[in-house]
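In what follows, structures are represented as structure tokens.
Two complexes come next, and they have one chain in common, chain A, joined by chain B in the first and chain C in the second.
Now for the complex of A and B:
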């Protein structure tokens, strides 16, 4: 199988995200960066498929030079190749991003053959537009399913599962197909030390591409008010039992 | 949660290992009305304690750090949070094995059981190690892993229970207020937080990497820089998980790659001191809410860590397939000279620093700071190496601190020679003679920023003249030159000029000057004008705070002259005791006055050729200071000697210094004058005379009675430490400062060795350590050549039963023993009757 996984460099989750004084960008001074969690699952899914069925995983990202860090991370957990479409670091809208990915897919497929699957995260952890995968699928004329939490390969088709209220929807798509993966598909592995060292030896490919923006403009970023959770110590030892019971009753657990 | 109180006697800022242990120790010493605050949550507020690897290797060459570490380990054990697992340092090079032999010597000095291991023995203890890449190990069975968060919590709870400590987490300090005190001082008065303001008599900054920022709020400085130590937790690893233990295998330190491997349940923590120095600024550390993990657990900069991973896999192949589950750029605190910064800040009265402290020494450091605050000086151990006052203003700027930290970060696991010199931040302070010295080939050594000639290459021809040679072993020979011995002998034959301009000179003037001088000094300084007194300054419990010279220049004018390494601490000590009625003016004259020491049998004829005054012992008696014109330059001639030959310390103004040097140099040519470096002044010359040095022989654990510096009578005037001093005199010495001679230099390989004076243990002929009745071990405090007596000399304290001339003992050096003999118990081995001083 040939699988392309599109990933995005985003601020590492867990920390408060500050915005710049003009409100037009994220202040990255204190931030670490990571791959979007949905995309980590997509990558893990792709690596597992290749482990089962053979083939090759290529990771692709659209981002600044620093996004090589995420491509190397992908390589450290099993991707075989990495492609960077360099930007100046500014935030691209979904149309612009999709257009360059479409072009990149055409170039890469012309050189190396068809990607049986093009996988995305359901949405990125920062902008959360949920658009790029669908736009790419539409432009390439390939079927797409988002919110995927289960993947099975069967010869020329792929069976996908996604959660709905009270159950699952199951889709069967012909290959090639586009998949938007949701966190929960799997538990992504950590890189091993050997994996990390091996990833340094992979030559990352830069493909210079650009496209017209789609018309979205950023007006202002707002940081939502922080949710402060106060810890209340109910007591210590056996005498705190009554207070615990009160709380459990209040919660309707008892 | 209750409200902040409006006032408290003491506010401790910080709830890491130091702040927590500090409140516990203060409670034990009777402190009440205390408040502890931290901007983070408890029990892990987000400072360096929270991500520490928590292991303790007790062996250290530095006495202060060794004793603090050993005591801390004892306290962790007493609290039930010390898990003994053993530790092995492994060597990949022969140079490291030599360092292990040195470590064996230090282990012996401090009474720590250690052994050297073959690669096979290393593998027997750590089966997953690749014994092909190591050539040996240094094993310390008492190495342990502690629980610093639980220990800190226990200490804090102890203070809550026994002293009513009030604790406020999630409380950020916004300001530290001060009020004006006497003599232009500034006194801490309140801490302002986001939950209110607390008036406080004492404030302690135990804020780790944030300490300088908090101190700055009060106008004080705590010179440290937050620096990265990279660490990764990799697993799962079956062989570790199977131990069912947090730590089932010894901690391994791969010393030559500056890396460690420490089991943490089913995974391994791999830590590095090999990467580039990555320094931060307190203002750029993220807040708790801005941090994905914690403010001091920053995202790993992976490229910096990659080389370390390769070396780790080389040592333990199983690590390669383990997953990197957690990896950080962890922040810790570094100082310009590697030591902690403890004590009252020099800028603000009652604002204390307890910072740049590692887990391994945290509890004991908290204890000495608590003792310092309670008794006026610590009892547990001498703190001079960690005293924040040691750092001069030129050592407190960010550029200086960061430069020095960049230089020493990779020496954390390095092999550091006791005389090793700094490369960066040199040439900060130069004497007026610098260019002349440079022209004479001076080899400059650093003394807290001062450039001082250690020896002069122009004297190299004397090495052959006196039949001297280099030392057999590179380690003994490193940062040393036989030119020092040659300069020594030539000074004793003729006359030498020593640049002493790094002397720290303070003037005390005003109606209260003599009373202050008397209060500071153990010896009587109320002497006639023109006389000088060498005297200890004691701590309240009778140990040495300093030793220095006080010169009476006028009825109300006393000059203090002390060494370059001690000026900061001594200035702080004087300022601390300045009378509140402002009857004494303090002036630091260091940069106004330069000094040339001129000594040797030809010194009188040389100086005599340039002045009209009477230089005989009637006109210029020993211990006198007289004004004189030398070659038309106004000078003060102080007849004293630290090298054992007659002569003077000659003081003049900074601007007249070069002319004075030139005049002495020119007039000295017929008399064989030569420039002489600190190798003689601070080394061979003083050792032959048995002159004590602060920080080596003189520390606060020892009294003048033991150092052989007690005068026949105790002066009538009150002084700091008087009561203890009188008690010490009545009790007699528990140890006596002695000069020993090395009787045979030859080691097991037939090389002549020269112990460096780095706390080598002094042993009985049966090989037993010698410990006095106060629990202090006998060790070498200084060592060096005695060219005029033809013996290599060692100083050290011995219990009275061993302090008998002619007693045969041994010392350990590089894990071998060498025979020594007690040569002097008072006085000196060279010219014991001081006839040359009278010449």
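Now for the complex of A and C:
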């Protein structure tokens, strides 16, 4: 199998996020960076599929030079090749991002053959536009399903599970297909020492591509007002149970 | 007109559709246009009637033989054709899995921008939109230049409310869909849980790293059962393998909106908070008075959850000895 996984370098989730004075970017001076969580699961899923069925995983990212760090991380957990489409580090809108990925897929497929699967995270942790994978699929004439938490390959098709309230839906797509993965597909592995060493030597490829910006323009990032509640402390031990149950009764849930 | 996508599953309206209609009404008024709805793959009269109760003047019923069930390509393409046909001023869906996916397909078909997860929308030139980044822990002001704005409103940004009741008219539309789009229609469904689930529960008992182990969740399971609720957890807990990912509340898990969220042993890291912030009430149980979740809660008990939760369960059983016959009084209200 040939699998392309599209990943994004984002500030490490969980950190407090501050904005630069001009409001146009996240202030990254105090932040560590990581691969967006859904995409980390997409990458793990791709590596597992290739371990089972043979083949090769290519990781691709659209981002600043520093995003090489995420491509090397991908290599350290099993990706065979890494491709960077360099940007100046500014945030690209979803249409622009999709257009360069579509072009990159065409170039990589012309050289190395068709990707049986192109995998994305369901949405990036930061901008969360939830659309790049679908735009790429549509332009390539391939089916796509988002929100995927289960993948099985069967010959020429791929069976996907997507979580719904109380269970899951099953889709069966012909290959080649595009998949938007959600966290929960797997628990991504940590790199081994051997993987780390190998990833340092891997040659990352830069493909210079750009496209016209789309209709959506970032004006300003800002933090929502902090939620501060006048928290009522009901007590400091199990004797608070009566007060808790009083409240549950008042709320009508008992 | 402002066109709202009525998300449904085989004729059952999704709560997100009601939220989208609630979000759309003031926007339609601001635009000075009628509120219309797109009902794709169903012509169910109950759905049409409910759309009317939400102030929808006309429901565009979109039917085609391959639209027998949901499929992102088929539904998205049908929506794109309807948009070309009826020429709306803007199109809105709710930012659910299906809502974002359907709109992304329509946007791809029409080669138009799509602004997802909006919290505030002001028409103009450009449209001035506020949308969520990082699941809502950061907001982004966006300028949108588009002949036809395509938008999704963030899940639980508004609570659904009916509008001024109108008798909705029905307009039929049959799109010209390529048979090949049937390839991505839902093939099957597997039901794992009957009854109350995390996205719809009125009571969620959440546990974090402070619970200590997978086995430690037994006391939360017991309490949730007494309350007719469900157990949720933090990302730390799913990463440790203590609970399945479907139980995760947060940016990369489920966004909940229960009547009360009981958060035990959870610090309230930002990625968890954005999944829990639409809860109507929050009760925190934590040994750390300075935990984020305590500052944001309505009530808190500063104590060890391993002592407090069994005491709460015991107190409930003492006051309500028989099993609770009606655990979700707000459902169906």
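Here are a few things to note about the model shown:
FYI, the second predicted complex is superposed on the first by the 224 of 254 C-alpha atoms of A that agree within 3 Å, B and C clash if a C-alpha of one lies under 4 Å from a C-alpha of the other, contacts with A are read in each partner's own complex, and residues count from 1 in each chain.
As a convention for this text, contacts are C-beta pairs under 8 Å (C-beta built on N, C-alpha and C of every residue); 3 or more make two chains touch, one makes a residue touch a chain.
As the structure is a computational prediction, the values presented were derived from the model and not from experiment.
Residue contacts after overlaying the shared chain place A:14 against chain B and chain C alike. Within the superposed three-chain model, A:69 lies in touch with chain B and out of touch with chain C [touch as defined at top]. For chain A, the partner with contacts to more residues, out of chain B and chain C, is C. By the touch criterion defined above, A:54 lies against neither chain B nor chain C after alignment on the C-alpha atoms of chain A. Contacts of A:236 after superposition: chain C is touched, whereas chain B is not reached.
Shared-chain residue A:196: touches chain B; no touch with chain C. Of the two partner chains placed around the shared chain by superposition, chain C is the only one that A:94 touches, whereas chain B remains out of contact. Of the two partner chains, chain B is the only one that A:33 touches; chain C does not reach it.
Where the contact sets of chain A with chain B and with chain C meet, they give residues 13-14, 16, 231. Across the complex, chain A meets chain C through its residues 13-14, 16-17, 19, 26, 37-38, 93-95, 98, 122-123, 125-131, 134-135, 137-139, 143-147, 149, 161-174, 180, 182-184, 187, 214-224, 227-229, 231-242, 244-245, 247-249, 251-254.
On the chain B side of its complex with chain A, the touching residues are 41, 234, 284, 286-287, 289-293, 298-299, 302, 306, 309-310, 312-313, 319-325.
On chain C, the positions that touch chain A within their shared complex are 9, 70, 72-73, 76, 95, 97, 100-101, 103-105, 107-109, 112-117, 126, 128, 132-146, 152, 183-195, 197, 199-200, 202-203, 227-229, 238-239, 241, 244-246, 248, 251-253, 259-260, 269-271, 277, 281-284, 289, 294-303, 307-308, 310-312, 314-316, 319-320, 324, 327, 329-330.
Across the interface of their complex, chain B is touched by residues 12-16, 18, 29-33, 69, 72, 189-194, 196-197, 200, 226, 231 of chain A.
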